[in-house]
Amino acid sequence: MTFPIMTTIVLAPIIGALIIMFIPEKEDQIIKITAAAATFVSLVLAIFAFLNYDTKVGGLQFLQDIPWVEAFGITYSVGVDGISLPLVLLTAIVIFTGVFASWDMHNRVKEFFITLLVLVAGVFGVFVSRDLFFFYLFFEVAVIPMYLLIAIWGSTRKEYSAMKLTLYLLVGSAFALIGIIAMFLYAAQPEHLGIRTFDIAQLSLVNYDIAFQKFIFFLFMVGFGFLVPMWPLHTWSPDGHVAAPTATSMLHAGVLMKLGGYGLIRAGIFIFPEGAKFWAPLIAVLCIVNVVYGAMVAMRQKDLKFVIGYSSVSHMGYVLLGIASLNTLSINGAVAQMFAHGIMTALFFSLVGNIYHKAHTRTISEFGGLAHQMPRVAAGFVIAGLASLGLPGLNNFVAEFLIFVGSFSVDKVLFGWLHFRVLSILAILGVVITAVYVLRVVQFTFFGPRNPKWDHLEDAKGIELVPVVILIATLLLFGLFPQPLIGMINTGVVPLVEKINAAAQVGGIF
Amino acid sequence: MTSTIIFWLIAIIIMGSALMVVLLRNIVHSALFLVVTFVGVSGLYVMLQADFLAAVQLLVYAGAIAILLVFGVMLTVRGDIKYSNLFNRHKFTAGVVSLGLFLLIERIILSSDLLISNKPALESTVGPIADALLTDYVIPFEAAAILLLVAMVGAILLARGEGKPQ
Amino acid sequence: MFWIDNAWLIPIFPAIAFVLIIFVTKKVKMLSALTALAAMATSMMFSIGILFTILGSHGEINMNAPIEYSVPWLTIPGVHITAGVLIDPLTAVMLCVVTIVAFLVQLYSVGYMADDPGFSRFFAYLSLFTFSMLGLVVANNYFQMFFFWELVGLCSYLLIGFYFYKNSAADANKKAFVTNRVADFGFMIGIFFLWLVFGTFNFQELAHAIEGYGNVGFLTLVAVLVFIGPVGKSAQFPLHVWLPDAMEGPTPVSALIHAATMVAAGVYLLARGFVLFNAAPSALLLIAYIGGFTSIFAASIAIVQDDIKRILAFSTLSQLGYMVMAMGVGSITAGMFHLTTHAFFKALLFLGAGSAIHAVHSNSIFDMGGLYKNMKTTTWTFVIGSLALAGIFPLAGFWSKDEILLVTKEGGFTGLYIIGTIVAFLTAFYMFRLIFTAFFGEKRSDHHAHESPWTMTVPLMVLAVFAIFIGFVGAPFVEHGFASLIYFGEPHHATPDYFLMISSTLIALAGIVLAWYMYGKKAVDTEALKQRFLPIWTLLYNKYYIDEVYQWFFDKIVLNIGNAFNWTDRKVVDGIADGFSDLIRATGARLRFVQTGSMQTYALVLFAAVVLIVLWMAVPVLGGM
Amino acid sequence: MSAVSLLTIEIATAILAIGLLVIGLIVPKDQRQGIGYLATFGLIIVFALTLLYTNVQETVFNGMYIIDPYSTFFKQLFLAAAILVSVSSFDYVKRLGYNQGEFYSLMVFATLGMMMLASAGDLISLYLGLELMTITFFVLTAYRKNDFKSSEAGIKYVILGAMSSAILLYGLSLIYGVSGTTVIGEIAKGLNQGAQPLELLGMIFILVGFGFKVSAAPFHMWSPDIYEGAPTPVTAFLAVASKAAGFAALVRLLVIALPSLQSSWVVIVMVLSALTVIFGNFVAIPQTNIKRLLAYSSIAQAGYLLFGLVAYSALGVAAILFHSLLYVFANLGAFTVVIAFYNKTGSDEIKDYTGLARRSPLMAAVMLLSLLSLAGIPPLAGFVSKFYLFTAIIDQGYIWLAFLGIGMSMVSVYYYLIVIKVMYMGEPPEDSEPMKLPVSIQATLYATMLVSLFFGIYPAPLTDLALSVAKAFFPF
Amino acid sequence: MITLYHYLILGGFLFCIGLYGALAKRSAVAVLMGIELMLNAVNINLLAFNRFLNPGDVTGHVFAIFVIVVAAAEVAVGLALVINIYRDRMTTQLDDFDWLKW
């Protein structure tokens, strides 16, 4: 029996939460240290796994299987491949930094960290599950803590936003759940698989009827579309980002939204390649709306977090574009973009959280010249902004580049008139718009004459810098040396694309 | 033939008095017609060769339940007894629903094809009922006993004035 | 071969300097400056080493036989990206230009920025800037080119916005970055197309592939798209708007941007990817005309500006137009030659201007005047630079400008030739308008102007020397000169065209004389002249209102689209969702009142439901009532 | 086994009930709180006894009474519920101040009725069990005599309950008439092949009668009022156990006795279930009283349970079993919190729960987990059971119903979250102190929480049990 | 000839009359009366079925006896409640009992 590394990654936060339960509330320093330690365990193990994953072999590694409900073929089976391992690493980084970003939390610290740790355990669980039942289960585990975190520790219409987020996420997951059940039942029929199983690999072996594929993929598309979030199912996300406390925003924008993209790839494309081919044009069109529309809306926001919230909508559009293009490069890019965007947006939110914590406002027009008082924050923000607009040398560039290259190589005409490349070009145009709003925000917040009103603000220092440094380092590391990351992702993408290529033509578009 | 006449007679008594129970405005009158209905029903039981049931019907319903109801009336009615049993605002709707239900039941009964058995009825039902109650139906029988106990305890509990502001 | 084998180190040194300054020496000013200078000097040494290696290789390393090293950067099936070094004479020259100018600018900055609180930061940025530029220069493929291309954009953003507390600086750096982004958009699509068809980003491989490729229409499209990149970076019309504003940065930065780094990148790309443009003649024509138009367009603006740096900025635009035009008519030799010479004298001019500004604390030439008395070195070097720019024999600008005029003339582009000549005249005019106003004549400001410290003047003098002599490397009389180093296809040796030389010199002199007449001698009432041609003057002074048009486009169109989308998002998309939830809530609130509390109503509902169910179920069974 | 040994559980329960009654009369007034402990102890013993019957599959008195894993499952459920309710009601009953012995005794009687309902193999036993349960609940509902609301709830329950019994009985009489037998196992044989209108009518009436008991819309209207008015422990017991008992009998009746009418009743049940989930969830939204909110939520839950019947498969029945169990424990958890809260503050209003998380983390946590379990959020048992229910109906092709069910779950999340928000977000009132809970309440809370969590995280044992029990209904 | 149908329809009629009473009367006692009529209707059904379809056994009789027993118990509890609530509110009109609603 090898060491169950993935299980430990999932359980470490839970154990941390349990320990915190027994720490008296007033010992908030100890609580924070415990939380940091718990997430550190996950982080170390995730890094360990990342370094020890055998890219030559590829496929699923660090496996563990425990039969759970045999009557339904539910198995606790975990393991990671090139697609999920980076996302596990992402989660570990974001939560570890998130704990430090919450170091200045003083209100109901104990409950906060318990909820946060439960939340992150759910997110880890989603990424490591190979069994769709557990996949779904872990996802839902993550939702309610999110509600509490926003509703209790949030700001700015927190009740509304928390409720909205929760309901949207649950509605989305509901679509996915029905899809999962239907698929499970289909596969269990004697003429197909003949056994009850939720194992993704097994389910993907079934020859699904085309009509069935179309239907279920539609469910997945809508369901995971809620999470990604795909236009017009996205409005929960800016509101949620804005209302959430710092660590939650980081985790939410950084990781939670990726569950959608991940689910779409894992449960959608991998199992229903024909369905994916049928629906990809729609996703492609909607994701362009995401990119352009999200960026345009971001330009008009007055609240720092709203800008970042809409920028996430815009950036997740690239992920969808990568998915919709259905080829190796683009899906590699999509996964890389999930990773990169997660880090980048976590960085954004940790900085904005820092500002908000000190200034008690996030309205851009109230700031100006903040770089005088907070040079380090300003520098971090600029770097995050540059990552956001896809500057080379930072991780996002590689990802976006792959997505663009991948989508650009799709030589298809959608709906009889819309060439796919037009969509790619529009998506690239999104990068320009991103530059506009990011730079505007940077200018209006940090540049300009010194504003004496903010002279009492202290620059980030000491422990506040931990998340900033780690996140920037990650962005730079994988931006300058993307091969380890992309190479790993590729091992997961290749079998996926083989499936796609083997699938029949559907709808005459792909 | 005689039985037909008697049936119709009893049927008319039952239906008439039942209607009276419902339609009269004085609740005491209603109670009296209720007794008449019960008696009529027991007559019907006789026609159905259910002698024991007819007796039970008379004893329990006409004798006990109706009296209980009368007591209930006496304990609770205030004001003018002539207007003690009025209709509520659902008078019309309830009529439509009841009538509709009756029509449906009637249609369904008439369109059902029931297998009439030509076997003669039991001479006396008392013995077989006793047997049945103490063999196969002993569980419901015991349950009924417990039920009565519960009802008794419950009635006492509820009707007793204990724990109330006087 | 040592230098070439280790060419990859050239960009690395400034990068190390950047990291060191940020993380280690930030607190100690002088250490930061020393670090940056040391790194720069090392790079310069390597660059010169490479240049001499090539010169000493007797043509073994030439434009058609470069040396290439590369390591894989990102390899997955379907895309293979390398990080590499491509060494040919073009690279070597460019490396030298960049490192020398950058070194001198950095040296100059030690004095210029001495009192600035952001001293170390400035040197860090400068190092990063040169790193990016050098990385771009040595790139062996379009991807790497693009990578550093963007980084150069970033550095310009950082440096232009160095005085971030000035709103104008913050506006300017944003403008620069966004404009460059727009350009990069085209560039990116262009290289995607290249990759799509040829499956590689590598210059060499692409060169082979394009030669045998027949679809000229496609190549034209790609060439135009790629050209959009230089249009932005080298500030060609209509994406030139950022460059004049870029003077918001500290003056040494302007020198660096205008001379050797940023704007040179566009021209360099044209030279580097010339295979592509050459294969698409119509694209080349477009390039030529855009360059020509930019040159005269910018020169016409320059004659009325009163900000010293702005005049120089438009002059840069104009000269860049020259270079692009030269590329467009098919001569990378001329283009690169002018780039080289221009780098030196324009750096000289900017640094001189900086020295002047440093002295009077104003940018306006009308606030200066009489600087000659106190600032001899500055004045003389500035005059040398101006003469070089104006193309006066035998200074650097003369040779390179003549080369350009020559190729337009020889190529049969008469229109462009005429434009070039007019621009030469205008250039001479506005430069000497500046000199006569700012450096000579009576003193107009209260500032006690004094000569700058040696760290500032030494670079000026060095640059002045370059400005005088660098032109000879490409003079048509010189054997194995510039033209035999950098060329496309086969070296093309121009025969000296004396008519052209003389005519252009005369025209330049005419411009100088006119300037002296108007501003030195003040024989003409310039104010009256201005009033007389007020509409034209206003148009020129406001740069043809192009910035305003862009601003209008952004404010009225883009922001309103943003507003519309924002409204849609809040009211329509969100409104539907909220409306739906409100509907559910309202339904709940209404339905609640079904529960009236009256038990007989409940019973009635129950039995009514019974009737309905029976009706529903029984009617089919009964076969109708 | 002999009839007596097979009936040990029922006999023991009856003895316990009567014994409690008698002891209640004998013991002096001021020492009567001990009766609660006695009742609990007795119930635990009975529960222990049921463990001996887990795998017994027997009938007694010619099919009159069935002891099978199915009924034993439900009996254990009822007993567990009774134990938890009696434990959690110690304080509540003490505060009543009167008739303490009778309270527990009546509760045990009601349990007995439920057991009969689950085990009934004959319409008459079924009817008697039902009435024993119902009439006991009439009394219990009105138990707080000096509370007008309690009395009102009582009279409403009596009148509506009696009317529903009447229609149920009418249906039973028709089924008896058409089939000629009252033994459930033989009715199917006795019924004519091809739907006789009269059978149909009987089936509809039975469905209505049980629909009332399990409070399926539109026969649910009594339940919010009664739940609100009844003493909270009674509400808890009524909401959880009596509903489960109703399902126990309904499933047996429909599946075993009326399979020939399956095509008809499935459709009716489908419509009822849809209406129920919609109505229950929608109307729960504007509620301000926690008991009323829970009432509507349990209406909605009944709708979900009906899904299992719609599926008409072993899976469906297993899902019903699973969901009943979760439903019982989740609701008990919630109601126990309500009881404890009422004991401390005398209020049932949701707004008074403000800051409960600060005053009593345990209570808030149990409420949270219970509500989330009801909403079907993992890793709680409610998720697993809903998962099974949806699987069961999707298996039969009713995908729209699954959509509806899940959609309505979202609505339920909405109003559950409102409660959660109040508990967790608000600050407690100024003068409030941390709530100290009696051990009994704490024990109940922990028990319900653990059950919800355990079967949510590791549902396998219960799943296997439920499936094996359900397979008895569908041998095919 | 009186057939089963006559009895059944009579039963049905009585059931509906009782239902009408239960639905439309204000007084709690009158409603209880209506319910008793309904139960009587059931008994008529039971006995008629027993007589005409299965004259050989007494199941219907037994059932009817239990119905009577239950009816009695229900009435007892019901009346006790009516009296109880009457003490509180001085009324037995069911319309007045609507404190619990919405």
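The chains carry the letters A, B, C, D and E, assigned in the order they are written, with residues numbered from 1 in each.
Criterion: contacts are C-beta pairs under 8 Å (C-beta built on N, C-alpha and C of every residue); 3 or more make two chains touch, one makes a residue touch a chain.
All values derive from a computational prediction rather than experimental measurement.
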Touching both chain C and chain D: give me those chains, sorted by label.
A, B, E
Max contacts between which two chains?
B-E
Quick check for the class: compute each chain's Cα centroid; which one is farthest from the centroid of chain C?
B
Please flag the chain sitting at the greatest distance from chain A, going by CA centroids.
B
When you take the mean of every protein CA atom shown, which chain's own CA mean is nearest to it?
A
At what distance in angstrom does the C-alpha mean of chain C lie from that of chain A?
36
Per the C-alpha means, the centres of chain A and chain B lie apart by a whole-Å value of 69
List the centre-to-centre spacing of chain C and chain E in whole Å, with centres computed as mean CA coordinates.
96
How many angstrom lie between the centres of chain B and chain C, each centre taken as the mean Cα position?
102
Multi-partner residues in chain A (2 or more other chains touched) are 167
Where in chain C do residues touch two or more other chains at once?
581, 592, 595, 597, 599-601, 603-604, 607, 610, 614, 618, 621-622
Do you know which chain D residues sit against two or more other chains?
124, 127-128, 131, 135, 138-139, 142, 145, 154-156, 159, 163, 167, 177, 197, 200-201, 224-225, 286, 414
Checked against the stated definition, the touching pairs are A-C, A-D, B-C, B-D, B-E, C-D, C-E, D-E
Chain A touches which residues of chain C in the complex?
72-79, 143, 146-148, 150-151, 154, 157, 161, 164-167, 169-171, 173-174, 177-178, 181-182, 185, 188-189, 192-193, 195-196, 558-559, 561-563, 565-566, 569, 573-574, 576-577, 581
What residues of chain A sit close enough to touch chain C in their complex?
164, 167-168, 231-232, 234-235, 293, 296-297, 299-301, 327-329, 332, 369, 371-372, 386, 389, 391-393, 397-398, 401-402, 404-406, 408-409, 424-425, 428-429, 431-432, 435-436, 439-440, 442-443, 446-450, 482-483, 486-487, 490, 494
Could you pull out which chain C residues touch chain B in their complex?
600-601, 604, 607-608, 610-611, 614-615, 618, 621-622, 625
Help me check something: in the complex, which residues belonging to chain D touch chain A?
357, 372, 377-379, 383, 387-388, 390-391, 394-395, 399, 402-403, 406-407, 409-410, 413-414, 417, 420-421, 424-425, 458-460, 463-464, 467
Write out the stretch or stretches of chain E touching chain D in their complex.
8, 15, 18-19, 22, 28, 31-32, 35, 38-39, 41-42, 45-46, 48-49, 53-54, 59-60, 62-63, 66-67, 70, 73-74, 77-78, 81-82, 84-85, 88-89, 94, 97, 99-102
